[in-house]
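Take a look at the structures below.
Across the two complexes that follow, subunit A remains constant while its partner is subunit B and subsequently subunit C.
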Partner chain A sequence: MDLFLQTLLNGLLIGGVIATFTIAFQLTFGVLHVIDFAVGGWVVLGGYLGYYVTALLGLDGFVAIPLAFVLFGALGYLIGPVLYNVRNSRTARPELMALALTFGLFTLLRGGMLTAWGFNTRNVTSMLSGESLAVGPVIVPLIRVAAAVFAVAIAGGLFLFLYRTRYGLAIRATAENRHNAALMGVNIRRLSANVYGLYAGITAMAGVLMGAIYSVNPEVGLRYTLFAFFVAVLAGLGSVGGAVVAALMLGVIEAFVSTYVGSSYSLLAIFATLFVVLLASPKGILRRGL
Partner chain B sequence: MASFNRSFSRRRFLGGSALAVTAGALGMPFVRTARAQAATFKAGVITSLSGENILGGNLTKQGYDLWAEAINAKGGVEVAGEKFKVDMFYGDDQSNPATGADAAERLIVQNEVDVLFGPYTSGSTIAVQPICQKYQVPMISGSAESPNVWKAKPEFNFGIIPSVDTTSGLSLGVLAKTSNPGAKTVAVISVNEPFSKETGEGFRDGVKAAGLELVAYELVPPEGDLTPVISKIAALKPDVVAVGGHEEILINVVKTSKSLNYRPKALIMHYGITNPAFAQALGADADGVTGVVVWLPTVTYKDDVFGTAKEFSEMATKKLGGEPDYTAAGCAASGLVLGDALKRLGKKPALTPEDRVALKDAIAETDIQTFYGPIKFEKDGPHYHDNVQPVPVLVQIQGGKVVAVGPKEAAAADYIYPLPAWK
Partner chain C sequence: MSRLAAENVVTGYGKQEIVHGVSLSAEAGQITCIFGPNGCGKSTLLKAIAGALPVWGGSARLDDTVLSNLPVHEVVRQGLVLMPQGGGVFPRLTVMENLRMGGYAIADKRLVESRIEALIEQYPSLARRRRTAAGALSGGEQAMLSLARALVSEPRFILLDEPSAGLSPAMVIETLERITTLTEQGIGILMVEQNIREAMPIADRLYILAAGEKRFEGSPGDVRDDRQIMDIYMGGA
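This part shows the complex of A and B:
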């Protein structure tokens, strides 16, 4: 029973961790209609910022979280219009061109980090690193709780922003129908830049947490891209609420299969779930995807 | 007028091209002669210079280069009283075996290397072996540690480092003897990828050989999260947790264990803990982690190119900016094997195809003492052409430093066992 509870908690927290870097990914797809392959690159950039803040400045890794938002949000804001232009160009298959662009961006980020910061695996330390709380027989790793709280806060914040503000309305309108939104006076180009900046900033913030929970090196980015993509497909592309549900679902499946069946079957179980959900509900588990 | 200009310039362009090609073709033989007259031995290094194994790939490259620099500083390899320098050529396998095979073929066909120095990973090594066989070029591997590398009895491939099943298996026996009170139960975690899995299997088989009890054997996917596995193992309370994996997973095992407030009496990892980045990343949490190495700068071996192990280490530290680990040492020692074999072969560069086959036979007869330890290749059995002479040394991180703790004759410090609970 103790192990069962621990496994359930482990699973929910893995889900929380995955959700952190998937939520904004969904928003980008919804608004820009781009599957951003570079998501793992933004995660790793955030992780490195966390590492350098602790290693060079001797500060707590969490200090890097707001910094990551500002720094990489600004970088994303600059890249956003390029992506928008490619996505809306008159070339044949602009959606594939955009995918290729983000793939190139990912490769550039990875190669650049490898050249600039080397291949050693780095760690982000924070006040919560390695700390845990015993609740009865269950051990609660606090850093993961922080990540889950972060995911919930970001999802909640985005929800409020999208449904309670005028700008949020414009974003939703753009996601629904770009041309009509433009006719209503929404500056789509600027909005796209803002959304991509918001996404890059949030994802890099999640990256600081990933560096604190796992570790960071230029090669781990691909893993985050893959998981973001799994979750996005399971959730239904573009569905922010679905992302949280799907991430939790994947986390719990991974934990239970690892503990009770065998770790080597965990990815198999995840793929099988993805397959079944896509067969039964191609628009994702909440049927809200595009 | 415009069209006249265009056709004129096209004609001129074609004419110019033809002239250039002719000149190139005429010049070619002279270029080749000039190259042949330089009279150097050409060695190709095929390893991971990009991709996920870039860390290990650079360790191997650095090791091979250390030898080339050392021998060239002495004037080169001595053959029949004359000295010939060594030219190094590099091929990148991009951490992908198939790419490695292509790169090896390029080194052999385009760069016309006499000999290859093998890749960092076992996967690439296995992929390159058929290329060596096809072109009859010997390859000396300073790194590949998988037992699978030797199972197919590769005629042209030789390995300096004992295969991982021999070292990880034996290390648990050393651990059981060194620990006090003696460890009894073991759980093994290994990442489900070739090298890591074989390390894990080595540990698993070593458990039985050492008379210990195996309580769990977990294969985790490289993308997986470790919390479920660590929680499961914590519930089984083994004395020893043995991990097969590269640095990143090792770092994550320690972090995840600590975040779940679980610490076994001993945590042993085969590879990676001797890389300074490991202790750097984990800080104080790295203390107490046990590892296995086949070479340390403190061993008492020596040779006449590098001097003692300590002298080699000092020279390498100066050049690489950090203490060399056993991979760099094994790769540097690969060069010593080549130098010795070339000397015995007595053929001057460039080697003919027949010479290369004879070189392979000369390498097979290697029986030398080096700063790395004794080197002699198996002539039969499951470790065919592997050097299984070195005895594994148990090391532990103490105060951020890697120190030898077992077996007794090699120990520089007491083994900390059982590990204290996390603070």
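This part shows the complex of A and C:
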């Protein structure tokens, strides 16, 4: 019973971190109509930044969270217009061209990181590393609790921005119908670049947290891209609310399979779940997808 | 008095030219209607004037401002709003959020809020349902929301793409009445309409398009006198 509770809690904590970047992933799909294959690359970049903040500067790994947002947010902001131009070009099948572009970006990030940092696995360390918290019979590593708290804060901040500011309203309107949003005076091109920057920044922040819970190396990016795809399909492409539910489910499934079956089966279990859910509800769990 | 004018506008979708050089003008405080058979390019012309489609040749101007050089999101800042077919409300946003989007181009947030409060009093069905998602409103309520939203920016001209489409006969009458009262406030209306029977009596000036070209312009009185035009395009209405 203790192991069950322990696994459930672990799964929810990790699911919370996955939720932060999958929310942003969904938002990006809504606004740019691009499925960003590079999502895992942004996660890994954040993880490395968390590692180097300690390794080079001697600071606590969590200090990298705001840095990741600024640095990778700026990089995303520069890439955003390119992605927008490709997606809205007059070539045949611009949606496939854009997907190919993000796949290329992912390959570039992965290859660049392999060249620069090699295969070595790195951890984000904090003064909380190694400490743990006992909640009754359940023992939780403090660093996971901290990661989940940061994740909730990031997601909460994003929701406040989306639901309490004019620009957030414009983003939600654009995600629904960008032609009509443009008629209301929204500069869609600029907004798309901003959203891609916001998304890249948030995803890299989640990467710092992921690096603190697990570890990073350039090869794990694909795993996070698959996670984002899983959440997007389960939630319904573009659905932000569904992403939270689906990410928590993903975290819990992964934790249970890893604990009771073996971690090599976790992707199998995740995609089997996806298959069953799609059979039962093709529009996603909340039936609000596109 | 403001004047909206299109001069020899050529436009279309992709590589397909649909409107082959049409000129028209609309005055503030008047209702100008564009009639014509399906696929004649009425809506395409309207979108091109509003900047939602690129103008390939000719130009659209509002007084001295050339609209056809502006990106679509700047056009609303010049005092011109397009109401797309079906109203174009954002179904997942609430009534209030839709209205706030109507004022997105205005920098002063408090001004937008006070305009919305003043407007919403004139639309009781919306005032009762501020926090309802627009997609949950009836077709008629969505039409009212769309009209109220267009007014938040206090435009000089409103372009309407078939405001009566999909509405019940009673709602068509209410919508057209509301449009008529807008002209009393000095707003100019340029609208594309299929429902000639209802729209003709409120029109001050009208144009008939066919196959992307202008076939007629004049007052409703002129068109009634023209038997040939009446028979071909107006179904004898």
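The criterion applied here is as follows: the second predicted complex is superposed on the first by the 276 of 290 C-alpha atoms of A that agree within 3 Å, B and C clash if a C-alpha of one lies under 4 Å from a C-alpha of the other, contacts with A are read in each partner's own complex, and residues count from 1 in each chain.
Just so we're on the same page, contacts are C-beta pairs under 8 Å (C-beta built on N, C-alpha and C of every residue); 3 or more make two chains touch, one makes a residue touch a chain.
What you are looking at is a predicted structure, and each value in this text was computed from that prediction instead of being measured.
In the model built by aligning both structures on subunit A, subunit B fits alongside subunit C without clashing. Draw one line from the C-alpha centre of subunit A to that of subunit B and another to that of subunit C; the angle between them is 140°, to the nearest 10.
In the superposition on chain A, contact is made by A:Glu176 with subunit C only, not with subunit B.
More subunit A residues lie in contact with B than with the other chain of the pair subunit B and subunit C. Closest approach of subunit B to subunit C, taken over C-alpha atoms in the A-based superposition, is 31 Å.
Contacts of subunit A with subunit B, set against its contacts with subunit C after fitting on chain A, share not one residue.
Here subunit B touches subunit A in the complex through residues 50-52, 54-55, 58, 192, 218-225, 227-229, 231-232, 235, 247-248, 251-252, 255-256, 258-262, 275, 277-278, 280-283, 285, 422, going by the rule given at the top. Across the interface of their complex, subunit C is touched by residues 90, 166, 169-170, 172-173, 176-177, 179-188 of subunit A. Here subunit C touches subunit A in the complex through residues 14, 50, 52, 71-77, 81-82, 84, 88, 90-93, 97, 100-102, 104-105, 109, 149, 153, going by the rule given at the top. Taken in their complex, subunit A has these residues touching subunit B: 2-3, 6-7, 10-11, 13-14, 17, 114, 119-123, 125, 129-132, 134, 139, 141-144, 213-215, 217, 219-220, 223, 226-227, 251, 254-256, 258-259, 262-264, 266-267.
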